[in-house]
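You will see two complexes here that share chain A, one where it goes with chain B and one where it goes with chain C.
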Partner chain A sequence: MLAADVRDGRAAAPLPRRGRGLVSWRMRRHAFAYAMMLPTFGLTALFTIYPLLNVLFHSFYSGSLFSLAHSFVGLANYVTLIQQGGIAALGTTAVYTIGFVISATVLGIACALLLNLPLRGTEAVRTTFIIPLVVPIVATAIVWTTLFNAYFGPVDAFLSFIGLPRIDWLGDPAMALTTVIMFSTWQYVGQNVILFIAALRAIPVEVREQALVDGARGWRNFWRITLPLITPSLVVVTVIGTITAMQAFTQIYIITQGGPIDATTTAAFYVYQQAFQFFNTGASDAMAAIIFAITLLLTLVQTRLLSRLGGGGIG
Partner chain B sequence: MASAAATLTVPVGRRGRPVRWSFLVWYPLVVIAGFVMAMPLLWMILTALKTNGQVLNLASPIFPHPLVWQNLVQAWDSAPFGRFYLNSIIFTVSATLGQVLTSAMAGYAFARFRFPGRDLFFYLTLTGLMIPFVTVMVPVVQLVNDFHWLNTYQGLIVPNIQNAFGMFLFRQYFLSLPTEVEDAATVDGASLVRRFTVVALPMARPIVSAFALLAFLVNWNNFLYPLLVTKTQNMMVVPLGLSIFQSQYTTYYNLLMAAALIAVVPVLIVSVFAQRAIVNGITLGSFR
Partner chain C sequence: MAVSKRSSAVAVLGVASILTTALALGSGALAAPHHGAAANKVTITMWNTSTGPGLVALDKTVAEFNSTHPDIHVNNIFITQQDQILNKLSTALAVGQEPTVLVGDVPSNGPQELKSGKMVNLNAWAHKTVDKLIYPKQVAGCVYKGVQFCIPNGAGDYALYYNKTEFAQAGIKTPPTTWAQVVADGKKLTDPAKNRYGIYIPFGTTEWTVWTFEGMLWANGGQFLNRNNTKALFDSPAGVQALTVWYNCLYKDKVAPLTSFSTPQNSDGEQAFASGLVAMLIDGSWDLNTFDQAKVNYGVTYFPAMRQFATNTGQGSIDVFNTGAAQVKAAETFLQWYLQPSVQVPENAAVPGSMTNEPAVNNNPTFIKDQHKYMNVFFGDLKYAHIRPTLVSYPAISAALGQQIDEVLYNKETPAQALKIAAQEADQILKKNGE
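== the complex of A and B ==
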C-alpha cells in the first residue's frame, strides 16, 4: 500500500499541461482510476457480494426464490435445514473433506518426493498427474462410473482376480462416498504434487547437505528436515484442499447424484438440491450461510497460521 | 531450468553418494503411480473403441479388436457436439478475454493510483475470493433471471468477466514494476489510457499469459454455472452437453466413453504442450 502511494506521487510528477489546473489533472486521474476498476468491482459487487448479503439475509427471512414478500423467521430456516437432512449433509461433508484432504495431502507429499528423485521418466509420470487436473471433470467422472461398475468394471474384475470379494462401489451407501473420495483424490492430487515439488526444490542445497553430514537419513531426514521446511506449503495445501472439498459438486452430480439414499449428499450438493430440485430456498440459504461461515473461518486460520510461520498470505 | 533445479536439489542419495542402486526400490513405485494416474483415461480410450458387447463381456480381451472407430462418429452424431463446442468456444474465449482485460485494468488502477476509497474497494473486491460460488448460486441465478438472461450468451458470459484473483495478480505485478518507463511516456505526452494500453500492459505479458491459461482452463471446464443458467441444448457447453449425453445413453458404455473422449481430447493436447505453463499457473494460483 505504502509503496503504491510513493509511486503514485512520482507518477503524478509531470505537471499539468495546456493550462489545465492541478485540480482538474487530479480529477482526471481519479476518474480514470475509477473507470479502470469499475468493471471488476461492479461485477464482483453485483454477482458475489450482493448475492452473499442476500443469502445471509434470507437465511433468517422467509420467501420463495422469485417472490418479493419477506418476513423475519428467525432460525426457522435452520430448523428446516435440520429437519431436511442438513445435519446428515454436513456430516457427509465432514467425512468427505477429511478423507479427501488426508489422502490428497499424504499421497501428494509421497508422490512429490518420488517424482523429485533424479530418475529418468519422472517428467512423463508428472504429466499423468497434470492431465486429470485440466480435463473436464464431467468426462473423467463419467469414466469413473464405468471403472467402478459392479458388473463389468475393471476395478471389481481386478479384485476378483486377486481373490478379494467384489464391492458394489456405487450402489452400496457405505462405499459410495469412498468411491467419490477416490475420484476426487485422483483428479486433484496433481495440484498438491506440483506445490510440494516446488516447496522441495526451494529447500537450499546446503540445508540438505548439512543434514546428511549430521547423519539425518531416510525417515529421520524427512521428519526432522524436509517436513518442517515445507510446513508453509502443507498449510496452504490443507486449507485450499478443505475449501475445494467444501465446494465439490460436479463429481457428485455425475457419479452419484447425491445417492444412494443421500449417502453422498454433501453440503454443496445439498444447496443445489434444495434450491433447484425441491425449491426449498430456506434450507438452501441456511446451508449456504453455513458453508460461507466455515470457509471464512478456514481462510482466517490459514492467514493466522501462515503469518506465524512467516509464509505468504494475502496483502 | 527444470533439469538444473532437479540436479541441484537431489544430488545425493541416502548415503551421500549419487543415487544408483536405490532406483530399484523407487522405480516400481514411480511406474505404479504413473499407471494408477493414467489408467482411467487409457481405459476410457480402450472402451471407446470396443463394441458394447465386448465391454459387457468380462472374458473379452482388454485391447479392442477390431477398433470400432465408428463409435466416435456415432457419439458425435447422437448429440449436437458441434454446437456444444461452438458454445464452449464462445463462452470460454469471451469470459477469458474479459477476465484478463478487467483484471489488468483493476490491478493497474489499484497499483498505480491513489483515489478516495481505494483500499475499501480493493478489500471489498478481494472478499470475492473468499466467497465460494455454491454459497451465492441461488441469488446469482435469480439475478440472471431478473435480467432475462437465462439461456443466453450474455447470461453465461457477463457474470463471469471479472476475477478478483486475477485483479490481485495484476496488482502485485504492477507494484513490482518500476514506473520510470510509464513516466517517460507521460512526459512525451501520452494520455492515461495510452500509458496503460501501450506501455504498462505489454510489460505485464508474463502475467497475461499465465493468468489467461489458468482462466481458460477454469472456464472451459466450468460445469455448475452453465448447468444453472442454460436450459436448451443449443445453448449448452461441452461439459454440460456431455452430462446430458450421460443421462440419455446410460448403458451404452462404449458410446459414453467415446463422448467423454471427444470432450477430453482438445484439453488433453493443450495440457501436454502447455505443461510448464500450467505448472507455473498452479504454483501462482496457490498464493491466494
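== the complex of A and C ==
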C-alpha cells in the first residue's frame, strides 16, 4: 500500500494502488496546474506544432504561393534543394552558426568575468550591454550598413586615417559573412553577459575561497572551478545561440540581402528566396524542414555534451 | 467535499482561461478587411503601397470620392511598400482576407496571383472604359493568356543623371548620349585617390539590376525572350556585348566603384550619386526630389544608347479581387471615377516625379506646369521604352538572371558564361511553367 498523504497532522484517504484510479487521483491533485498550462499548450499546438507539421507535410508537395492546389512529388523538392544552392546555404549557415556561437559565448564569458570584479563603475558599464538587445534589429542593421560602407562609412574612414587599407566589409564575398557575424555578436552578447554574471554570482563564496586556499588561481581557477560551475548557463547560452543562428534572417535581409553572390545566403534566407522570389514553395518547405531537424539534433547533442562536461543537467 | 469544491473552482478557471485564449485569437478577425453592405452603402477595402506625398494625395482623392458617393465607402489602407506586397497578399488570399482593390501592385506579379482564382477578370468592363485612357502597350502588360488581370497605374522609366559640377571640373561640356561616351567621360571623372568615379553599375540580385540590364540589352538590339515566350534570347551576342560594357566599366576601364549600394529600401545606388562618389547614375524620376534635397547640381539625359536608344518601363497596377458581387461593382464605380484625367491630374500634380499611364494626364498643361523641370526627359524617354514580359515565369527568370549578372560584376564569371547559364535556367523555368 502506498504511503498516505498527511496534512495538518491528519492522514488523508489512502491512495489508490494502481490503474485508472491512480491516474484519476493524480489528475485531481494536479488539476489546477494542468488548467494553468492548458492555454500555453493550446497556443503552442496551434501556432508552433500545427504549422511545423504543415510544413513537413507540404515539403513533399509542389505548389504555389497563391494557389491551394498542390501535387505530391515525393522527395523532388529535396532534390531541387540539393541541385539549386541548398547545400551551399546549409554550409553558410554552419559557418555562421559556429562563428556566432563561439564569439558570442567567449565574449560573453570574458565580459561577465570582467564586469563581476568588485570595481567602481561596473554597474554602469553593465547597463550598456543591454542597449543592443532593446533596440529593434532592423534599425541597428540599417545603421551598421552605413557604418561599414566601404566608401563613406566611418569605420573605413578611421582605417584610412590610421594608415590601414580600406576593407569592403559588405561588398567583398570573403568579408561579408564575417561582418554579419560581428553584427549578430554585438547584438546578442549582452544577453549572454547577463546570464553569465548571474551564474558567476551564484557560485558559493566558500567554494571560491576554498579554491584560493588550495592554490587555484587565474586560468586554473577558471578552468577547474568556475567553468564547471557555470556549465548550466553555458548550455543555455549555446543552445539559444545555436537556435538563434540557425534562424538568422533579418540582419542578412537588411545588411547584405544574401549577397554578395550568395556569400551570406543562409538556410533561413534561402527559405525566403525560394518562397517569395522563385515561388517554389515546395523547396522552401523542404529547407524549413531541414532547418528544424538540424536545430533539434544540435540542441539535443549540445545539451547532453555540455551537461556531461559540467557533471549535471540544465539549471 | 473540499476536493469537490476545489475541482469545481479549477474547472471554472480552466474554462475561463480557454475562453480568454479563444477571445484573444478571435480578436484578430476584428482587424480583418471589412467588406460590408449596410443598407444602401457598400464598403470596400482598398490596400495601397503609396508612400510620402503619393500617400497623402491618394488619401485626399479617396476622401473626395467618399464624400461625393454616399452609397460607397472606400476604406483606404497603406499596407506595405510595393516590393513587399507579394508577402502580404499571398497570406491574405490564403485566409480569405484580401482587399477588394489593390493600388500599387506590379503587373509581373499578376500571373502568379491569378492562380488564387480570386482576381477579377477585367476584360468585361475595363476594356470598354478605362483602358481607352491608357497607353495601349501598357494595357498589354496587364494581359496574361487573354485575361486582363489588372489596370496599369503609375509609370516609371529610367534615364541618366549626371553631376554638372563634376562634369564642368573635368572639362566635359555635354552629357553622354552613348555608352562609349559614358566610358570616355568616366575616365576623365574617375580619381580613386579622391574617392571619385564616373558611374555606378547596379550590383545586387534584385529586379533593379535585371530591369536596368534589359535596357542595355534592348539598346544593343537584343531580345529578352522569343516571340512565343518559350526560349530565352538574352544570351545572344547583343546581350553578351551589353553585359561586357558593365564588366569593362568595373575591371578594364575602371570607371565604376567595386561595391554594391543595394539595400532592401532601394537598389539604384542613390547614395553613391548624392554623396558625390559617382558623377553619373542610372535612376528614375522618383529620385529627383532626393537629389534636390541633397543639393546636388545635376542634370538628366536619356538612358545612353548603344545601337539605339532604349529604356525600360515599369508600372504599377490596380488589381480587383472578388470579395462579393456588390463589392466588385462598387470597385468598378470607384475605378472608373478614379482613373478619369480630371481626378488623376490634381492627384499626380501633387507628387514630385510622378508619371502616369495616361497620355491625357501626362500632356495636361496643369500637370506639366507643376512637374519637376526634368520630368520632360523621363516622358521623352518613354517613346524608347520596352516592357518586361508578363509571365508566370518572369520573377523566377529575373531572379536567376540577377544572380548570374552579379557573378559577372564580382568577376566570378565572364558575361558569356553567365548569360548562357541564366538562359538555360530560364528555358527550364519556362518549360516547367508551360508558358
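The criterion applied here is as follows: the second predicted complex is superposed on the first by the 246 of 315 C-alpha atoms of A that agree within 3 Å, B and C clash if a C-alpha of one lies under 4 Å from a C-alpha of the other, contacts with A are read in each partner's own complex, and residues count from 1 in each chain.
Criterion: a residue touches a chain if its C-beta (ideal position, glycine included) is under 8 Å from a C-beta of that chain, and two chains touch if they have at least 3 such contacts.
Computed from a predicted model, the values in this text were never measured in an experiment.
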Going by the contact rule set out at the top, does A:T299 touch chain B (first), chain C (second), both, or neither?
first
Tell me which partner touches more residues of chain A in the superposed arrangement, chain B or chain C.
B
Output check: A:M36 vs chain B and chain C. Expected answer is one of first, second, both, neither. What do you get?
both
So in the superposed three-chain picture, is A:R224 touching just chain B, just chain C, both, or none of them (first/second/both/neither)?
neither
By the touch definition at the top of the document, which applies to A:F152: first (chain B), second (chain C), both, or neither?
both
On the A-aligned overlay, A:R28 touches which partner chain: chain B = first, chain C = second, or both, or neither?
both
According to the stated criteria, A:L114 is in contact with first (chain B), second (chain C), both, or neither; which is it?
first
Could you look at A:Q277 and tell me whether it touches chain B, chain C, both or neither (first, second, both, neither)?
second
From the superposed pair, tell me which chain A residues show up as contacts to chain B and also as contacts to chain C.
28, 32, 34, 36, 39, 42-43, 46, 65-66, 142, 149, 151-152, 253-254, 276
Show which residues of chain A lie in contact with chain C when the two form their complex.
28, 31-32, 34-36, 38-39, 42-43, 46, 64-69, 142, 145, 149-152, 168, 170-171, 173, 253-254, 257-262, 273, 276-280
Touching residues of chain C toward chain A in the complex: what are they?
3, 6-7, 10-11, 13-14, 17-18, 20-21, 25, 86-87, 89-90, 93-94, 112-117, 195, 203-206, 257-260, 262-264, 271-272, 275, 277, 395-396, 399, 403, 406-407, 410, 412
In their shared complex, at which residues does chain A touch chain B?
1, 3-5, 7-8, 10-11, 13-14, 17, 28-30, 32-34, 36-37, 39-52, 54-55, 58, 65-66, 111, 114-119, 121-140, 142-144, 146-147, 149, 151-152, 154, 157, 186, 190-191, 194-195, 198, 200-201, 203, 205, 208-209, 212, 217-218, 236-237, 240, 243, 246-247, 249-250, 253-254, 267-268, 271-272, 275-276, 281, 284-285, 288-289, 291-292, 295-296, 299, 312, 314
Within the complex, which stretch of chain B touches chain A?
2, 5-12, 14-16, 19, 23, 26-27, 29-31, 33-34, 36-38, 40-41, 43-44, 47, 55-58, 101-103, 105-106, 108-116, 118-119, 121, 124-143, 145, 158-159, 161-164, 167-168, 175, 179, 182-183, 186-187, 189, 192-193, 196, 217, 220-221, 223-224, 227-228, 238-240, 242-243, 246, 253, 256-257, 259-261, 263-264, 267-268, 270-272, 275, 278-279, 282-283, 286-288
